[in-house]
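Read through the structures below before going on.
Below are two complexes that have subunit A in common, paired first with subunit B and then with subunit C.
For the complex of A and B:
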């Protein structure tokens, strides 16, 4: 759901890494120059990305409250054993699954449909495109405060809209365990469909119009054009948006934390919220680290499997076609 | 044009407008609720939730605009975003230049190391990051937010910049070398100015990322001095939980800078996001 800028690029970048050096590129620079250009980024990266991630991997094997030097109370796999029996953690996985399924079934098709619509020429389409992207640029935490007021239990705006439509009775939008996750999904859709729509729009614009013209000359109907040209050629974009949506869902924090803190009774809790609560509220640093590692592994395994089986042919095609025969 | 096709076109356009209109209502309603709600009082919000404000109250907006805390948080957000952007773009451009235009042993390995950083969700690192920042005594300091944000922005920025730098013809560099420019002068006086569009794109991405950042400031900035706007909005809501109209005015004004920025940088924002999402 949350399109963090994608992990795909790391792979695409790497795949293109071995371009043959052109003239003038083979120079050997002085070691001092090299070091001066590399050092700032490398130090920053080691200190604030690599060391913390490795440190999380280390502390996950200890019982530790985070105080006083390095952890000493080695616990082996205990934290991970607790993890796989933890109902909140297992619930997090279920909630990720549900939001993922809903996103793919509702949010992405809606974005796709609107993108196809806005690809057509009609007056005002630029205004619509600009408007639909607005929610995406708003800060998640601020959006969450806004929707907290809209779905307020004290006769909020959502209740008033329902009453205006003639439906009576209040709904515990954010306090009913059965519906809170669907309300959050609705907000996520509001916030993120515009991002996916923009990607679809860009993908659609990359399909050459000649294909449609040629097919029309051969007598293809509108439905056939969509089925046999648009859909297959939009494949790569669709697969990437699915990827971004899943990775974003796994990492979901800001919006849900500000809106419900994961409640009521964990009904809307996400992996990152569980980690935050365990680590920063309860001081169970070891256990929270194990949760971090689980989150990392889930993203990593998903990314690897997805790239291996779903995206591989796309990135190959994309690289060879956009980069003039890079191998 | 025959009557038939004209009619078909009108029908088609009507369909477009209905669908686009419905989506517009879906998107605009929450924002209009915030905008108009800030002009209502709490009684109006209760009894006239759907209508226009009557009368229009401007005091909630004026209160927020007269609130020193709001301006300080806004200033903090701007400062932290600008510093993050400057650091990440400068550091990434330097190393991307080396990756793109020099050959040395271990180059690809080093690049892969940076690129692999894309695989680390920020939430994974936030806990150990907190402990490390505590050790360096960087909690409650803007650097405690700026440096980790810049570090996590490196992978994407390096990947985008490197691929752009590679496509600058070698002849340009040769000409500069013949004119006596060393790597430093070439980098600062030729490469960076030639790369202005892509620098703008990565800068916009870094600015937006920092502006929206919530989890890191939440754990690092527990004292009010350096707190940023997203933290401010959630706190304001906690403080004035019964005064919905006041909070809506605060929310609306907190969203305004992003909306204005979007109006001006829309092209860079969209091109940055789509080039990432569709190509690589």
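For the complex of A and C:
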């Protein structure tokens, strides 16, 4: 149990329970105002998220090329049976798993370490923070084009640097099936570590300095400060970045598609690329729908389990019992 | 209680909400155009890009209708068009290669029947074949040609090769000679997949013949000995490592891609269609090999019914979306006027489809002459398989061709993949 969480609880209790100190300004808005504010977002959400999701759930049970009205050729579970035997799909799962593991083992710790460094006071701190965050601002497509040039097989910058260092021969950065996925992971790290770093930095800044002062008075070493104050109080931030990282990996598409189209021969293909290829290149919308349902389920199951067992401590009080004191 | 500000606030809220909804509606509509005719073509480099735009403007002035040309790179074009097909709304006038892809669009009722076009006498009837489905015409041609080996005469000479190979044995020997001389024998953009499928297609054309291919497509069964053998020959060729370094992730038309390797005179040959010399120049930003560029047909193979005068080929055409205004036929005829055909041949380096070639191109350049000679000698042609067959089959053939040359699948697995795709399509 940490001080911050206790604070959250007592805040929640105060707001819900006793005399309402902020009641005057926080009056419940009328139904009309509520509707006016909620309707646009709700309509868009229904139209562009919920309806397509339900429709995909429907078309996943058909053989359908997407042309000429609604699907008619009912196929039962055939698409799903094909899916679980599809080597490309199973390969996608493996590749996604690898990138997830690498992200959690390499990318996030690196971002964490940098955040700790950038929390210290030193000249040029702001410039460094800005610099490390810049790659995150680039769109994925631009990043892919950029690295496509860097790793270009003949006149690429990467090979030129290696040659300048005296290395013999070239590396098939994107053409060697054994390393292309690691190259892509490197690019993903370059692009996203700044984002995680900013989150960690914000999390670190929220830890009250008094805690460190008190611990120092008690004679705690730097290592102990980190182990018993920083790490536990950064817990919520770490858990949410892991969550964002995993969900982002499951949906990985733009960067990889522009860079390699998932090749050579599926070596860097992701779930979303397989879905796109099946749906829009091969015209097998039914099968692609089944794949998208699988992606949806993977994300959903992961999100539910993660929320239930990992994030639950963080969201308790904040999300689940705002109304607790009133009833 | 009654705050005088409340009413304006509510108004403001409603206004903001309405503005948001409008923005969203406008976003949903961004793919649409206000022009009467949208015109999608794939000549995204000058001079041809500007020439199409100029023709569109000229006709637009004459007819009073607006035309909006969009130049789209070929790979993007294919995906955008298939999305557009699924949305059931094809552009007013758009590039097509005919075959199974066009047939699927026709079947969905998205393409205008132009059998009654008044200016068809301006084109060679042979060029209309790819666009004729069940006796009805759905597109006008503007280019017609064949796929074959474009080679760099200087590099061949440098390796000591004096005659172009006419049999597969001679061909593989030439590849080895080039390799021994330290020259990259073949440029290939394997990431795009379709450049690889030309090899497999040509090998099957030689080993099972055009009739054999047609019969296999009819039955959805590519299990014949010839198909497996064709895959094996391609795998054997790949095992010689004849392609440039990094071909696995190279594209056809981009930086350091297949065409650029030819344009810069680094690779000795590529298997490509009539557009190859132009793309070599565009992709490399150079003048290309120039006079050193030669052409020879895909070699003959012993033991099969196919002969070297049977070509893989096709060309570009324009089909009209079903919703296009009826003046679209006027526009098509405008494009087919001899003067405009001549401009397209000159600026786009197309192979003419004119009924009277002399009227359109009195003097062909060497590249155009090479294609014209091949067409004149051609005893039969086969449309690119990724266009001739439905997309689900064509893309499997492309995919499997890539897997085969990377050694990820063998020729038996190739055949199984294609058969399964046909079975799923039935």
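In this text, the second predicted complex is superposed on the first by the 273 of 327 C-alpha atoms of A that agree within 3 Å, B and C clash if a C-alpha of one lies under 4 Å from a C-alpha of the other, contacts with A are read in each partner's own complex, and residues count from 1 in each chain.
In this section, a contact is a pair of C-beta atoms (placed from the backbone, for glycine too) under 8 Å apart; a residue touches a chain by one contact, two chains touch by 3 or more.
If you're wondering where the values come from, they're calculated on a predicted model, not measured in any experiment.
Visitor: In the superposed arrangement, does A:264 touch subunit B (first), subunit C (second), both or neither?
Guide: second
Visitor: In the superposed arrangement, does A:37 touch subunit B (first), subunit C (second), both or neither?
Guide: A:37: touches subunit B and subunit C.
Visitor: Would you check which partner chain A:149 touches, where first means subunit B only, second means subunit C only, and both and neither mean what they say?
Guide: both
Visitor: Figure out whether A:280 sits in contact with subunit B (first) or subunit C (second), or with both, or with neither.
Guide: After superposing on A, A:280 lies in contact with both subunit B and subunit C.
Visitor: So, A:139: does it touch subunit B (first), subunit C (second), both, or neither?
Guide: First partner only.
Visitor: State whether A:224 touches subunit B only (first), subunit C only (second), both chains, or neither.
Guide: After superposing on A, A:224 lies clear of both subunit B and subunit C.
Visitor: Is A:312 touching anything from subunit B or subunit C once the two structures are fitted on A? First, second, both or neither.
Guide: neither
Visitor: Pick one for A:299: touches subunit B only (first), subunit C only (second), both, or neither.
Guide: Once the two structures are laid over each other on A, A:299 reaches subunit B alone.
Visitor: Between subunit B and subunit C, pick out the one touching the greater number of residues of subunit A.
Guide: Counted on subunit A, the partner with more touching residues turns out to be B.
Visitor: I'd like to check the shared interface: which positions of subunit A are touched by both subunit B and subunit C across the two complexes?
Guide: The overlap between the subunit B and subunit C interfaces on subunit A comprises residues 33, 36-37, 40, 44, 66, 148-149, 152, 155, 280, 285.
Visitor: Taking the touch rule as given, give the residues of subunit A at its contact with subunit B in the complex, in rising order.
Guide: 3-14, 16-19, 21-29, 33-34, 36-38, 40-42, 44-45, 47-53, 55-56, 59, 66, 113-114, 117-118, 120, 122, 124-125, 128, 130-135, 137-142, 144-150, 152, 155, 157, 160-161, 164, 190, 194-195, 198-199, 202-203, 206, 236-237, 240-241, 244, 247, 250-251, 253-254, 258, 271-272, 275-276, 279-280, 285, 288-289, 292-293, 295-296, 299-300, 303, 315, 318-319, 322
Visitor: For subunit C, which residues count as touching subunit A in their complex?
Guide: 10, 13-14, 17, 20-21, 24, 78-79, 82-83, 85-86, 88, 104, 107-109, 190-191, 244-250, 255-256, 261, 266, 390-392, 395-396, 399, 402-403, 406, 408, 424
Visitor: Which of the residues in subunit A come into contact with subunit C in the complex?
Guide: 32-33, 36-37, 39-40, 43-44, 63, 65-68, 148-149, 152-156, 170, 172-177, 180, 260-261, 263-265, 277, 280-285
Visitor: Over in the complex, which subunit B residues touch subunit A? Could you list them?
Guide: Going by the criterion above, the answer is residues 13, 16-17, 19-20, 23-24, 26-28, 30-31, 33-34, 37, 46, 49-50, 87, 90-92, 94-95, 97-98, 101-104, 108, 110-132, 147-148, 150-152, 154-156, 158-160, 162-163, 166, 170-171, 173-174, 177, 182-184, 187, 205, 208, 211-212, 214-215, 219, 229-231, 233-234, 237, 244, 247-248, 251, 254-255, 258-259, 261-262, 266, 269-270, 273-274, 276-280.
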